[in-house]
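Shared between the two complexes below is chain A, which pairs with chain B and chain C, respectively.
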Partner chain A sequence: MTAILARNLAMLALTSVLAFATLRAMPGDPAEIALAAWNTQATPEAIAALHRQWGLDANPVEQYLRWLGRFLSGDWGQSFRTGRPILVEMLDRAPLSAALGFGGTALAFVLAVPLGFFAARRPGGIADHLGRWVNVLSQSMPSFWLALILLWTLGVKLQLLKPFSGETGTRLVLPILLLGFYSLGSLARVYRTELLAQMREPHFMTARAKGLGVTRALWSHGHAAALYATIAALVPEFGWVIGGTAVSEVVFALPGISQFLVQSIGARDYFVLQAYVVLVAAWMLVVRVGVDLALRRLEPRLP
Partner chain B sequence: MSRRDLPVLLAVGLVLALCGLWQPWDPVAIDLAGVHAAPSLAHWLGTDHLGRDVLSRLMQGAGHTAVVLATVGALSYGIGTSAGVLAASLGGLSEALILRAAEFLVVMPGLVLALTVTALFGLNPVSAGIALGVAGAGPYALVAHGLARRLLAMPFARAAEALGAGRARIAFVHVLPNCAQTMRAYLASDAGRNVVHYAALSFLGLGADTSSADWGAMLYEYRAFIFDHAALMLWPGLAITATALALNLLIEPAADEAGRPDGYVTAPARLRTAPWTGARRRPG
Partner chain C sequence: MLSPKLLPRLAAALALFAFSHAAPAMAQTPRPIAIGQPFIAAGLDPVKANNGWALTSHGIAQNLFIVTKEGVVTPWLAESVDRVDDRVWIVKLKPGVKFADGAPLTAADVGAALSRSNELSGPARASTGRIATLALDPLTLRIDTERLVPNMASVLADWPQVIYKAVARAGGDDFVFTGPFMVTGMVAGDEFRLAPNPHYPNAAKRPALRIKYFGDPQAMALALQSGDLDMAFGVPAEALARIAQQPGLHARTMVEGYMYLLLTNQSRAPLDDPKLREAVDLALDRDTLVKAGKGGRAAEAIFSAAFPYALKHKPPFDPARAASLLDEAGWKQAKDGIRAKDGKRLQITVVCASIWPDLLVYAPVMKAGFQKIGIDLQVRMIETFLPVANAGDFDLLFRMTHTGRAGDPTLFLNDSLKSTAVRNWGKYRGQELDQVLATLESELDPARRGDLIRDAQRIVARDRALIPVSEAPFHVGLSARLKDYPLWGADYYIVRDDLVIQLQ
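And now, the complex of A and B:
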């Protein structure tokens, strides 16, 4: 536990240095970009003033330490595109992105267990084929296209909903279903593969030998171990909560973190990007530790 | 990897590239007299809101996709494999640094990295391919590293070491060739995903040249006609899905779906079999 935390904290520190260095190595002076965005003449005085205001005139090491200090105390700087503090912008948008990400992942998880279970119960059966197709289709069909097709069928043909308008709550239903579909395929496959692996273990043979049916034996003696691997496989899925839902947010015109990020990248809003990179790394740390704790409850023998 | 994986990849790439080299109509020629024409013998899939031939635009998009596939493949495979083998043979601090960098690439959503790069340098098939390729090198490096570590401990590598072979010789002569097959399988099974990723990138279209026809960009442009000319957004999506589906179905997945409890990357099934002996090993 401590080792995992230390490793991830080191990773986080490294990420912040990388984010800082990479963004400084990129072409374009942020002050000039900001001045251009404001339609202001980029006079040397204006550039120097902005540099001073943003602390870009100090040497890189000092800049980094100062930025880190301010970042840790919650001052992430301002977005020059919107003129508001970055932290506020992110917090305003976080609930929507979190609802999307958690809703989709939770839906996928709840569906993945029965789908994977019946697929493992009878390999080559209906559930197995269904799971395989969900998996292949979710990897081949772009989510934005499926979203557009759904909007067309439900909104234009059947007139069940109004595309691009309506209340936030109802507008979230379709994107969550879509995200759930996209995570379902791989999660169900992981769960199925692990269940099949459990069927070859001696303890499963023992359960069968003492008279349990395959279904019963799988559920009582294979499920927990397979769940373990499935929860571990959730780590990358959660990584998508911040920034990974960009395409869905753009298609459904939902003002979440990802959409803000895409707009900021488009406007080269330098400080937003820097904050975002560290935020993702920090978020992954939280997810890793959270998943680790969950796994520990399932498997008390873990060191 | 199954023997047909690379030929399938090459065949699909060739078809896409040929589509990119020749189109029946100029894909950017605007004909305001013939906008939203229905499919006819002259325009098999009709024309769009500017009177451009939809089929020709799809074919140009296919060519762009071929360029992206080639660039991404070459870069993730090249950078990832060499970084992984390098890390395993160097050991120590360099190994740790390379692995942390690879993990960083795995953790960061690749689309965000690629979006940033293409917003800065402009979006065209080559820049998108470079961005996606570098962003996607992380998993390759981790897989190659695991593989190389195991190979370095094999008797033939130890024997070469005992005979006085240098680290570079062992890496190039004994480790790299033995890694190559597994890494190629990984490369082939990644192709379908890259088609979809490039489509997403051009759909968001930061820094894109708007006149060029990309499948994703076409979807973004045509989605405005969802109410009256919905067929327009059918074709680009079908093109993406058909290409990715062909690649995903015909190429055997290299990575086994099982996520390892401690891993960032799912352990490829092939790493559990020893490809150089053909013997099955228990999962480690």
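And now, the complex of A and C:
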């Protein structure tokens, strides 16, 4: 556990260096970009003043260390597009993005287990075909298109909900459905594949020889291992939570972190992008450790 | 005497009675009007980005002058502006105007706002140069300008000259405005929640508003159709028929001085070559573009044909002449049909911002047309216009703008085409145009000014600093609640003080 934490912290440190170096290497001076966005003439004096204010006049190593110090103390700088502190912008938007990401992943997980189970229980059956179709469609259908179809069908034609003006909970239904759909296919396949693998294991055959039915044997002697594999597969899915829900947030007009990120990329809001890269790396660290703890709870014999 | 057991029942009955009689009163409070737009102010500071324009469009901010429905510049917060001499103006304010916090609007406030904007914003200085202001009395302001200004009322009606009060507070200034609506909540770049400004006349007749940003115009059209919006401003042309067919919804289109223009980047190859720029101009099939876009008019000049000063000369569509110009410039057709010179393919990148949905239709039509004469047109869609424009990262850049804004064509020419202009994103260095603009600064005779403005247009057309494409349409969808709300002023005045609704 300590080794995993140490490895991930090292990755986080490396990511912060890379984020810092990559953004410094990008064309365009952040001060000039900001001055242009503020309709201000980029005179040498104005550029120099911003460089001083933002600490860009120091050497790169000093700049990085200063930035890291401020970042760790909660001073992530200001968005020059909105004029507000970046940490505040992120914190304001985080609950919405988290609700979307966790909601979509949780929905997919809850549906993936029964779908994968029945697909493995009867390969070639209805559940197996359904799982395969969900998988193929989620891989091949552009998410913005499916989002518009959902809006048209459930919002306009059937008038089942108000996708843009209802309570926050109502407004999250369609995007969570969308995100859940895109994770469901892959998670169900992981669960099914692992369950089928378990069916070839001696302990499963022994259980069957003792007279257990296929369904019971699968549940009692295969489910835990399949669940284990599915939880491990959640790591990339949880990456959605911060910044991975851009299509949902843009199409459904939700002010989450992803929409903020899209607008910041468009505006080349330099310090937002820098903070975002490190934030995602930190988030993935939390997810990895969280998943690792969950797996250990399922399988205490893990080293 | 009443039985104790009956008391709770009686209380419940009374509560039910009270509620049932209160319900009609509650129902009289109309739900907020919801407006969807493909743009929204990024904050409240009017000098940042396009906030001044957006805040006025949202009904939050006002100028000293306004351009009316008929296109006439008329007093708004001011009563008059008079020239004292070449560089000195006296502004008289309307009495009784108040900020949303209840404080009266004074000449000192106006002077502070205009001076702050002038100091911090390039576009605010574009027509006047530096200014100095002096409050002569609570309702009289003197403005001294660095440059000669022939038409101060137009300058004061222009979007950078918004009137506001900056209130210093920890963490940055706060801003108070005078418009018919005031901000009650905001998520920067996403949503404004507005309430009627209680200090603006007839506040009780106005509803609360919700202005919502939509990154996807199709989703905005669907939001109108699902009943989430009362107005969808800037829906794609293809959504119009769908909206019009739905009972209770109304579709409208307005063409009001906005132009689709192509900025040519004259600071880098290949469009630093005048022959290539001319070829691009001749290869544009404007009529087909307008037909594909289902709205608007083919452009005749950089100004709308509706304006008296606009040059009436529709640029020809002549692909054969365009091809021969490319030949003359040394670009020879290769086997794949694309021209090349010195081993380099003739590739031109056109940048289109997605907030202007017509460009999604224009771009492929242009690409096909350019391919026929051997130009490989690369289309780059972007989310946000300003950063790309400021960085000069384009060969051709689509811009949609009101070139005759505030009733004065020189505002656009000065802030977008003068060699030193902040918004001269194509880096056009037209000394001849600069001279004409300098002459215009001191020319007061209307006929002579008209001639000079036409001269300016001829120079711009000759140098292809901007290539006019079409007069841009705005497509708007409205719910039954706003079906009688008159739309005018394009996107400058979407929310106005006449946005009132009948109580249900």
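Simple rule for what comes next: the second predicted complex is superposed on the first by the 296 of 303 C-alpha atoms of A that agree within 3 Å, B and C clash if a C-alpha of one lies under 4 Å from a C-alpha of the other, contacts with A are read in each partner's own complex, and residues count from 1 in each chain.
Criterion: contacts are C-beta pairs under 8 Å (C-beta built on N, C-alpha and C of every residue); 3 or more make two chains touch, one makes a residue touch a chain.
Since the model is a prediction, treat every value here as computed from it, not as a measurement.
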### Task
Using the superposition on chain A, decide if chain B and chain C clash or fit.
clash
### Query
After lining up the shared chain so the two structures overlap, which partner does A:Met11 touch, if you call chain B first and chain C second: first, second, both or neither?
first
### Message
With both complexes overlaid on chain A, does A:Glu89 touch chain B (first), chain C (second), both or neither?
### Response
second
### Task
Would you check which partner chain A:Ala37 touches, where first means chain B only, second means chain C only, and both and neither mean what they say?
second
### Task
Could you look at A:Phe260 and tell me whether it touches chain B, chain C, both or neither (first, second, both, neither)?
second
### Query
Which partner, once the models are overlaid, touches more of chain A's residues, chain C or chain B?
B
### Task
May I ask you to decide whether A:Gln159 touches chain B, chain C, both, or neither, giving the answer as first, second, both or neither?
second
### Message
Let me test your reading of the model: by the given contact rule, A:Ile149 touches which partner, first (chain B), second (chain C), both or neither?
### Response
first
### Message
Per the contact definition in the header, classify A:Arg81: touching chain B only (first), chain C only (second), both, or neither.
### Response
second
### Message
By the touch definition at the top of the document, which applies to A:Val136: first (chain B), second (chain C), both, or neither?
### Response
first
### Query
Between chain B (first) and chain C (second), which does A:Leu172 come into contact with in this model arrangement: first, second, both, or neither?
neither
### Task
Of the listed stretches 292-300, 400-408, 418-426 or 472-480, mark the one in chain C with C-alpha atoms clashing against chain B.
292-300
### Message
After overlaying the two complexes on chain A, where does the chain B footprint on chain A coincide with the chain C footprint?
### Response
27-28, 144, 148, 151-152, 155-156, 163, 250-251, 262, 265-266, 268
### Query
Given the complex with chain A, which residues does chain C contribute to the contact?
34, 36, 42-43, 45, 47-49, 120-124, 160, 172, 187-191, 210, 212-216, 218-220, 222-223, 225-229, 382-384, 386-387, 390-391, 422
### Task
Using the touch rule from the top, collect the residues of chain A that touch chain C in their complex.
27-28, 33, 36-41, 81-84, 89, 92, 144, 147-148, 151-152, 155-156, 159, 162-165, 250-253, 255, 259-260, 262-263, 265-268
### Query
Which positions of chain B touch chain A when the two form their complex?
100-101, 103-104, 107-109, 111-112, 115-116, 119-120, 192-193, 196, 199-200, 203-204, 206-207, 216, 219, 223, 226-227, 230, 233-234, 236-237, 240-241, 244-245, 247-249, 256-264, 266
### Query
For the complex, which residues does chain A have touching chain B?
10-11, 14-15, 18, 26-28, 135-137, 139-145, 148-149, 151-152, 155-156, 163, 186, 189-190, 192-194, 197, 228-230, 232-233, 235-236, 239-240, 242-244, 246-247, 250-251, 261-262, 265-266, 268, 273, 276-277, 280-281, 284, 295
